[in-house]
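Chain lettering (A, B, C, D and E) follows the sequence in which the chains are written, and residue indices restart at 1 in each chain.
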Amino acid sequence: AEPIKIGSVLSVTGPAAFLGDPELKTMQMYIEELNKKGGVLGRQLQLVHYDDGSDANKANGFAKRLIDDDKVDILIGGTTTGSTMSMVPLAQKANIPFISLAGAVIIIEPVKSWVFKMAHTDRMAAEKVFEDMQKRGISKVALLSETSGFGNSGKKETEGVAAKYGITLVANETYGPKDTDASPQLTKIKNTAGVQAVFVFGLGQGPAIVTKNYKQLGIKLPLYHSHGVASEEFIKLAGPSAEGVRFPAAALLVADKLPANDPQKPVVTAYAKAFKDKWKTDVSTFGGHAYDGLMLMADAMTRAKSTDKAKVRDAIEATKGYIGTGGKVNMSATDHMGLDLSSFRLLEVKNGDWTLVQ
Amino acid sequence: MLRVSSMESCYGRIKALKGISLEVRRGETVALVGANGAGKTTFLRTLSGVQPMSAGSIHFDGEDISRLRSDMRMRRGICQSPEGRQVFGPLSIDDNLRLGAYTQPKHQVEGDLEKVFAMFPILKEKRKLPAGTLSGGQQQMLAIGRALMGRPKMLLLDEPSMGLAPLLVEEVFNVVKTLKAQGMTILLVEQNAFAALAIADRGYVLETGNVTLTGTGQELISNEQVRAAYLGM
Amino acid sequence: MALLEVKQLSIQFGGVKAVQNVSFSIEPGIVYAVIGPNGAGKTTLFNLITGVYTPTSGSILLDGESIGGKPPNELARRGVARTFQNLQICMNMSALENVMVGAHLRLDRNPLKAALRFPSIKRRDAELREESAELMRFVGLEKYIEARADSMPYGALKRLEIARALALKPRIIFLDEPAAGLNPKETIEVDELVRKVADSGVTVVLVEHDMKMVMNLSDRILVLDYGKKLTEGTGDEVRKNPDVIAAYLGTHA
Amino acid sequence: MKKNAYVGLYIVIAILLVLPFVLPNSFYVDLAIRMAINAVIVLGLNLLIGFAGQISMGHAGFLGIGAYASAVLPTHFGWHPLLAMGAGAVATGLLAALVARPIFKLKGHYLAMATLGLGIIINIVLRTEAALTGGPDGMPVPALGLLGFELSSDKHWYWVVALLLSVSVWASLNLIDSPFGRALRALHGSEVASQVAGVDVVRYKVSIFVISAVFASLMGSVTAHYVGFVTPNFADFFHSIELVTMVVIGGMASVYGSLVGAVLLTALPQALATFEGWETVAFGTILMICMIFMPRGLVPTLAAKFGKGA
Amino acid sequence: MAQFLQFLFSGMTVGATYALAALGFTLIYNASNVINFAQGEFIMLGGMLAVFFTQAGLPLPIALVLAILVPAIVGVVLEKLAIEPVKGAETVTLIIITIGASLVIRGLIQVWLGKGTHSLPAFSGDVPIEILGATLMPQSLWVLGVTGLVVVALWYFFSRTLHGKAMLATSFNRLAAELVGINTSWVLFMSFAMSAALGAVGGILVTPITLTSYDVGIMLGLKGFVAAVVGGLGNGLGAVLGGLLVGILEAMGAGYISSAYKDAIPFVLILFMLFFMPRGLFGGKSTDRV
């Protein structure tokens, strides 16, 4: 039979390569694996992938190519929110299911009939962090966000939910994704009266530099990050400065530390092991989103017993209780992500390793 | 000392030299005359190795230097004062002259500098100024001085009197005469054909990339064709 | 009234006083020569009058109107044209186009009309092409009408500059060493050329080291030395002036 | 400029007429549209860089202004898209005119750096004013209606853009072979010479800068409507460099070179997309090889080789 | 006061990395008038290779020597293969070539060493030095110190030695340089080797502060170019001051005005400065005459 064509546009190079790279690796690895097991619906899977270089305009062009020229059956990808959003109108127009791996809430709010997303939202990250702050009695927070799409959207959501947790943002600074120093911003925050904790919303090496600067400047306040630091690389880069940093992340990152009865345990340990064995690099939760997207698709197609686009879409929307690396997914007509706050775990760096904050 | 046989050189697809053969003996002064575009400048540049030669050969001091890089030719003693002066504008006059002696041993440089300054006092006066601010004629002096700093065995002068005041034209021709008397070999391209031929032992007439006439300086001066075409008489 | 009047003109570069308190005036229709040793300030004087440099002090009057410090394009508008001692040729264009640029001010320069290919513009351009070719023949460059500027020998480029300056239809033209790099025969050609230009009513101001040409052509001569005016007069007066002989001419002329 | 310069125009038109009927699917139509849009921008930029010899490394900034005018004004203020497009062009023109005078005091690398800075500033503003522009993630752009009928299908877009391109080529050819165009080329060759000939050098530099900026802005608007989504990448430094590269690869001061450059460099990333990790290396290598063997650009070098006018 | 000082230190540290990049530009520009947009990649190579060789288990001194030597060779290869063949081409052509080269270098490193970010341990530990309430990292002193040394060395070379003058002469007038017997190919060769090595040294020095990955060269190259132009192209001291100026403006901008616009602030000020100093802080006056 004809192979099932999976079209994907990922940011494998450029500023968001940090996310896109493990996503692509995961897709390649698991498509191979699925094919070894006989594929889906008895058909082999074929990945058609293009790298948008973290440029949303390119993503738009490639999405068109996937739909019109490659004639793929489904779209998985859009590493960044920008890329995703530039592809959304095309998917909607072409009536093709589209599973995004990006984070921002706007992807699924308002709901777009053909668009789903796997990653936790930035709003959830902010809420998870604020929840913990609330527990510790922190109410005055300084926000330091990155001027990338990720950080910018995170900033907006953070500002939006702060009040709900009784938190005021007494400082609101930004740094650039390629900055090599954030001491001026941190100095300013340090000298702001009343700050009780600092929340950094960024991705990749930026947060590591911020964390180092934080230590250098001798700031003693609790430091929170977003789920954007959820990879081993962060600890390596920030070194001892990372001690005590807290951030929300999917279960994947602490696969071996999960209690044995955690429903996600088998999924995440298997994925983490497979990924490390195959690529000899550490896992990141972003690769996990690709895994979830792919498996969800396979699941939906199996349930739909067809690759018919409308049927697959309906099947995805009907997903209930699917356990992925990101958590338990319960989709519905009004919720195209299907994750709740419980799917996020709060981690803390202790002795150069993650620990679960209970 | 110098033997050039059937030299050819092209700019793109246009052949500017079409097989020039010429000889200069040790201690001789040879003048090259010809109308605009005859190829005099091209010839000198090809000799110095800054313009590619597409055919022919150059022998200097018995050695085939046709394939030699320009700086190696300079080291063999071929120095040129180029057309259009080509001074190093932002560098001082002093530095320009010192660079003229780039291939020479250090100890002789100060002495040579003084010789050039004696020849063109104005250069000494302005020695710390950037060469680019000099007037046209002053730059011409600098170009000649720079070539002399290289202690040439054979000096190539491309229109050395261009833009010089009458007094200095005389001076430059006197310099050429003196150098000649000191035994230097000189290849002189001049529009001031009369003066050039007058001090030259021999001359060549170039026309659109070919040598059309040759003879001693006096012969050429008295040649009717030359008088009509180049001397305006 | 004098066409051009220069009063107490000076300019200084750092410590170098290149032109100092120079005054003179030029009557319309004559050939006026400026001579002097190398570095006397002749080119600088041209640069001042044609607006390339701004004077440190002094005034320049064209038709009684002050033009000191006005940009060159403004002066071109008033009929001032020039050539350069250090060639200024547009090497990215053909020889003919170089000449056509000289006629810039006499054309309709509206970009919109040009982009829409108004017939009037096209017609005028075709005429100008003819006119410019004619000018090239006039300066003896018939051989190079089709040539690219960057493939022309030095001497030809000198004349191309003259053609370009003439294309402006100037009232006064400044020639900086037009005969440099030309052999005696070619110099005579340029000599005749300048004569023809002057005869057509254009005032010519000439810097030249070829004394034969200067004496032949000029109605009046200004002699500069070290940026200062040494003397001014007719050819004969200047030739016999002992200061001029000592500073410039030598025994030779 | 020879008479046969216009022959190329007829060939271009002929190709544009035939193309939609031979392209296998709408992806290729899409590619053709993007090529044509880039070609128009590059034509304008080549007037500035190739003909007038003034480099701009910030032109994507102007493109960005146009694109965002078309996105922001209709979305947030309910403007008609055509009005927004016009407003973007006017704003770009004003901005370009405002900065041009001081900027064009600069030469060479100093000019390059100033224009680069200008582009970066524009980009940062678009990135930062997230409330209006959607920030780094960009924002959707409403569809463009023309005389009551909405441009939605690729074919419609194709014909619009093809017409724009043909007109632009024609106008560029006309312009460079006019007194205005000659003055531009002359000031490239020698500023004082052209000034002495009466060319108001500053004014010409400013005019062509403004013209090319407005071109870029308009085409930015067109792209925005066509793609339906804008991001600050429209205006970023790399895009500026990409545009300059198109000019140089195709051939400076060559109208048809602009087309060739735009077509090649729009197609190349698509062609290399399947190289998986090696795209950057391949792209860089191709750039270098082109420039090393054809330093004057494709069209002028080939034209010189086969003895035709450029 | 402490706050101001902190901004200043921070700006100087960042600025010194820009300055090191700018010095590389200066060196090549002075020999060839070429702006080498691949300069940033040499910096990247220095850092990445130092990380790679130390991780590969080589002893530190050998790792560092290799991390400097390899980029130097890359620089020389670039010059021989890509710059030498197109001598006399237009500036933009050369710019595009060096951009192409930077893509190739970056791409190869990406394929070879991956996209990860890496760090090197600081040379003299991580204990910040306190000065009047502000802190400065010892590594910053390394960067500043080496930058200072390089400037002095370059100044001496270009203004006091004949070989330095010969290099300048080559950039001003290649034809005349050849006529006075300068081997211009060798001059270009050396300039690329030196600036690549210099870039690599810079890369090694700044990695403990800035971290490194295959794509850090883009930003450093860009900022280095800006710094070199601000200082006045071709002037070593200018390059350093330009770098420090950009760095300090960014830090002050982030601290006092708006961190969102901190990258734009230096550009705005620089544009203003260029209007009054069209050839940068120390750019020589034009000596062209007509």
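As a convention for this text, a contact is a pair of C-beta atoms (placed from the backbone, for glycine too) under 8 Å apart; a residue touches a chain by one contact, two chains touch by 3 or more.
A quick note: this is a predicted structure, and the numbers were derived from the prediction, not measured.
Asks: In this assembly, which chains make contact with chain B and also with chain C?
Replies: Expected: E.
Asks: If you take the chains that touch chain C and keep only those that also touch chain E, what is left?
Replies: The shared contacts of chain C and chain E, listed by label, come to B, D.
Asks: Where the centre means the average of the CA atoms, what chain is farthest from chain C?
Replies: Computed centres place A farthest from chain C.
Asks: Greatest Cα-centroid separation from chain D: which chain?
Replies: The chain lying farthest from chain D is B.
Asks: Between C-D and A-D, which chain pair is linked by more C-beta pairs in contact?
Replies: C-D
Asks: Hey, how far is the Cα centre of chain B from the one of chain D, in Å?
Replies: Roughly 49 Å separates the two chain centres.
Asks: Could you grab the centroid distance between chain A and chain E? Build each centroid from C-alpha atoms only and quote it in angstrom.
Replies: 36
Asks: I'd like the Å distance between the centres of chain D and chain E, where a centre is the mean of that chain's Cα atoms.
Replies: Centres of chain D and chain E (C-alpha means) sit 31 Å apart.
Asks: Round to the nearest whole Å and give the separation of the Cα centres of chain A and chain C.
Replies: Chain centres of chain A and chain C, defined by C-alpha means, are spaced 73 Å apart.
Asks: Among the residues of chain E, which ones contact at least 2 other chains?
Replies: 110, 260, 263, 289-290
Asks: Specify, in ascending order, the residues of chain C that touch 2 or more different other chains.
Replies: 43, 52, 84-86, 88
Asks: For chain B, write out the residues touching at least two other chains, lowest number first.
Replies: Expected reply: 133.
Asks: Which pairs of chains touch each other?
Replies: A-D, A-E, B-C, B-E, C-D, C-E, D-E
Asks: Can you name the residues of chain E that touch chain D in the complex?
Replies: Against chain D, chain E makes touches at 35, 81-82, 85-86, 89-93, 95-97, 99-108, 110-111, 222, 225-226, 229-230, 233, 260-261, 263-264, 267-268, 270-271, 274-275, 278-280, 283, 290.
Asks: With touch defined as at the start, can you tell me which chain A residues reach chain D in the complex?
Replies: Residue list for chain A touching chain D: 12-13, 49-51, 55-58, 60-62, 64-65, 67-69, 80-82, 85-86, 89, 104, 106, 147-149, 152-153, 156.
Asks: Sort out for me which residues of chain D touch chain A in the complex.
Replies: It is residues 24-28, 30-31, 34, 127-128, 130, 135-140, 227-229, 231, 233-234, 269-270, 273-274, 276-277, 279-280 of chain D that touch chain A.
Asks: Would you tell me which residues of chain D are touching chain C in their complex?
Replies: My answer: residues 53, 170-172, 174-175, 177-183, 185-186, 188-190, 192-201, 207, 211, 253.
Asks: Give every residue of chain E touching chain B within the complex, in rising order.
Replies: 162, 165-166, 168-169, 172-173, 175-185, 284, 287-289
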